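Residue numbering begins at 1 within each chain, and the chains themselves are lettered A, B, C, D, E, F, G and H in the order written.
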């Protein structure tokens, strides 16, 4: 793999294995990297693989599967988490945010964490959140995924004591400026102690949750 | 007044008299303009008069008064509104938003509309809003003033059917970029049918409310 | 509909039913949502449905129709408004702004409001506006749709006393920055009491007009 | 003058002499440069000299005078223009734009052009412009100075056939972003053939007018 | 033409006829508008017509022709300018700027002005400009078209006394931000009295030149 | 306190008491709020109190103290944490980042968490970080505070498995754009699972750490 | 070549021949320019030639070859550098940065400089850099290519004494804003004496290295 | 010095000693750091020390001196460079750029490099540059300092073969956006192989020149 320098010690240093970010790699590089990581770690995950390239990748890698919503490809089996493993709640403001939430869910599952999804709870119908807040409170970490004005993490953060990770998405148009509005909103939240990831970075939010859960 | 061209027909054309925006005028221009408008309309209002220039203005204009929170100067008396006049609710996300809310309130009062203030109802403690939403619903128009992430109008807009005017403020720091975060948040609200004014433009929100109430 | 959380109380809370924003949903989600809303409310509206997906949607939903200018799909019949119902004037600066104006018109019609259209009245030929201002004045609310420098709402707002809702469009090129120039222009209007929606948000302007007309 | 490299051939190359931009120079550099230019050209002009430094400059340069509105200092006498010299009209949207209009006027006068001022003709009261448009049409070049949304040049440009130079100003607040809104508005004008200068650049507009008048 | 409001008095008001901006219109609207303007004025011009739509337009309009470099379509014949008519020089910084320069040239020719082209004279090889500056000086107005850092107008403006109109182009990549770098560079030119148009606005520069030449 | 709506249930809802953000409040409001919170919770903390207002606040509130580096004021005593309480490491890229790091430290101490400070470990001298990384690894959560290019969290995040919270600061000049460069850098970190707060938001980082530690 | 003005003296003036930037030129212009330069200099190089146009170019120019990774086309043979010629190290943060690094390498090779490539050494696995730093130190100039947060040049610059040229790439998503984050990061580096090129400008970095090596 | 972590190996690692950036440090920190570095290296340099704090610093440090133009403080004596040491040319576009040029000169002198200054050679009077280009060509490295549109480096870079380092300054107003226009201009230069530093970063340019000269 002359185009890449594998990082085999990442698992021991950081507590999670390398994952392939597919977006700006060639298909050949993606296949090489997934195969190399699976050889080292027994299984591998790739994120942001566009649907029109997925068939070529899965055909080249027996045992791999691709999910078109989350745009993730995985290779090898992930053992089911033990019972009573603390879960991560992933809350979505709208249907259009599902791909980012799906990326977070796929990454957490790959790392062995149970995930609970709460979809389409945007603040314009705040009762939908109140109806489910007690369920949400059962999880140990909450990831909130929202585009447009990105207000949902502020309300959620004000109702919960646990770690809340806010993920802005590029859902919206006009003055959303591809997710900038949601990003700025989350960074300026009046709810204290939220932290924020890059726009559309469901993967990063999952790793942040893993850093919290893996180390306690 | 060679520096200004009075617009005496504004009251008949637009339904409200000219108001003096003091910020980038000289003190002499402010005094001239207020005196000229009071001569034409019986009374006059000035907005955004910084406290350090207020004494000079009020000294030159007998019968004028200045409020340091809203930074408004008024000249002449405003008659009390008739009973049962529809009111405007002004909701504030935080204590720091009070100057902008005050400017809206002063303008509405000058135009004869009753105002009801609801302070410090930011979304991080969403129960504070729920506790008062029935009171708020009594008003015919709602102005929501918020800085930081500007999420409050989205929640309010989702709970009410009346016109909701969102006013972003420059309250915040860092990535609030002097109110840009709140402005973008309000423009991208997931609550439908909100409209938005310029950052810190309490005056404009009041006139927008007046346009609604004056014409029905 | 596991991907969406319907909001059946929106009509009672906000005075208008949920509408499907089609842009970032899959075709299957759009069809599901329109069918679900029509089941609840008798009819349904979808906005921002790109022409290349319209056939699939209308084929799946008998009784639906699609308009390629406004990019709206509607399902079910809207009763004609009663005579003397107050109307909304929609003024367009240029021919290229028609899709956004059309979205506003389709939404208002869906909600039962008569609409009067005034096309191509940009300020570079200001006499075109003067020729029609008396007609415009017959409406109770005015929506002004403009791209490029977005100057038209300022002139209109200075001539009328009624509520004026300004909608910036992404029409333009270069330093229009996809509608940012028009948006900033409208937010900074020297005509007092204008309010502004997101870029290209004809739907939002219609709902704002509905909030005004529905509640008086 | 080791800190500066005089450009004595500018008058012959470009048709106008060097002028001192005072803003980011030390007071000693300003005095040196004005004295040097007056020695070469008989008279000299400095722009953007803040009031608190003016006394020191005029005290050091006998025969100089300072105008606090335009913030210009001039040294030496300018002969009156010949009768029938074509004039430049300078139109101002608001009282707060006077300093920039004044800088343009002072520069044009220094270069021998008659100037006619039209103040406070913003588009929110469009009749004020219509009342004076025939007067404005007498001039050979028109400079339009406006802050906030900067809409005035579009309307003026649509009414006149002569060259129209648009000067955005930093007047405004919030989303005016120190004149950016006016600048973008003017660059995107729907009136064809306007040209634009930097924000607050009254001097540049005057030189542009001079380039037009001087060469025909 | 219900989608457009013709402006037949533009020629008398502004000295040039309406021109069709094709970019965001449908092909049917373009054909309608060109035909309507040709009926009124004897000939018509359209700008920014993408090559893939040109055949349909020229097929529908006998006597029309299309130039793929300048992306202009013209309908009807333009009489040759009289001898000794003052010319406009159009200077291009690089080969990639030719489409914008071509749009300016096509517009000027349509309006009866002789044009002289000077291509690929960017400042990185400043001798190329010096070699031709005397030729350039023969023209009465100079249009300078440049992308990337947009430095050429500053150098040209420092060498000439005539009106200089600077047109930034979107040529470049990375931190050119689609022409923003060139636009800002031209607005901040150290050469006095340049004026600037929108990014890629060759048409606007031509009309500005026409305003200068037509009125002297 | 008519200007504020206290939130007494915050401690039970979110696990930490309300803290006074002093920056855009009047001195009277600050004193009122601190006194009110101390009455409710036994002690109180205020952040972002500028030094020139500190004396007035501490004089009005016996038992309060002010630290000019972190700009925090505290009222009432905080009990020392129990032995073996997990600590938070706060790493600073440069001396100029100390105020933000100090705000995080003061907030964590107020909430009962031991803090370990690591100052001036910027990546330009990467050995300084390597020398101390084993010490840093003893803490359960790491906060990394950096201005300029904000690269330090990426390196730290690549070396550690625990939660890493990145705080951009406004330290820098020119193209740092008041912390924007550091903020963007941290959001785009190639080290997975970092989360980010607003620029200069040491308080928010401390609350985020508290949310992690308090709930495990 | 009427569309271009060749610059045959560039080699003597600047020490390197003209190179064809292909991105916004027509295929015919590219072929013309490459052929013209090869006629003058014996060989020629073109950068940023998209793969879908490469076949047409190489077919038209016998002796030319195209590399799809670096997107460079070369015409004519480059002699191998003499032994002991100082080399340039090109360090890449990630696999996705290879096209930009390849453009730098192709340009340097064309100019006769030995190149040594170090791929995928991003700071999230800092040991990968430490493992190879002694090798890197053998080169006389170092080019560091990185997208996302662009932190690698800061670390490299802190470890080396030689000239370090930082090249931001557009690799990333969301708040990378097409390379803006990396660009700002590199401009604000805490490692002193780095210099920076435009985003994705591998060619420019190579010429900068050539300017250093060619002149000592 | 608990607030700072000295980096004593910087001289051996990078070839130049640590320098104190004074802007966001307290006066006590500045004095401590300068004293500490002088103890280690025999002499020390501080940059960006504002004039109003200089007296306190020089009073505390016998043998120190302060220059108010470059805002640099130095402690200890610098030996004169050997004869025939290659020099650095520093070219300034305007008088207002002198502070940044001075910072570069002071840093280079501190490091033992002869400096030659060329002031006020902006491109609006391009002959001033041509008059001195042969002198400039005698230096081995050229630093070009310019604000406003920042065009000077493009012209210089096109005339010279040696390394050219471009330094944008914050000189300008309006759309210069505190140096952004100059920065973008330099990054997009059509002259190949320029490299760029942060806005106003004369120090960084000097270190970059030192990296070139020190290592050949």
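The criterion applied here is as follows: a residue touches a chain if its C-beta (ideal position, glycine included) is under 8 Å from a C-beta of that chain, and two chains touch if they have at least 3 such contacts.
Owing to the predicted nature of the structure, the values given are computational and were not obtained by experimental measurement.
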item	value
Neighbouring chains shared between chain B and chain D, ordered by label	C
Interface composition of copies chain A and chain G: same or different, split at half	different
Whole-Å gap separating chain B and chain C, where each centre is the average of the chain's CA atoms	27
Chain C-chain E separation of Cα centroids, rounded to whole Å	35
Residue list for chain E, restricted to those that touch at least two other chains	13, 124-125, 157-159, 174-176, 180, 183, 187-188, 191-192, 198-199
Listing of all chain pairs that touch each other, if any do	A-B, A-C, A-F, A-G, B-C, B-D, B-F, C-D, C-E, D-E, D-H, E-G, E-H, F-G, F-H, G-H
Complex contacts: residues of chain B adjacent to chain D	2-5, 7, 9-10, 13, 21, 23-25, 29, 33, 48, 168, 170, 178-180, 183, 198-201
Complex interface listing, chain F residues touching chain A	13-16, 19, 140, 157-165, 183, 187-188, 192-199, 203-208, 210-212, 214-216
Contacting residues of chain H [partner chain E, same complex]	93-94, 122-126, 148-151, 154-155, 157-159, 172, 174-177, 180-182, 184-192
Touching residues on chain E, where the partner in the complex is chain G	95-96, 98, 119-121, 124-125, 127-128, 171, 173-176
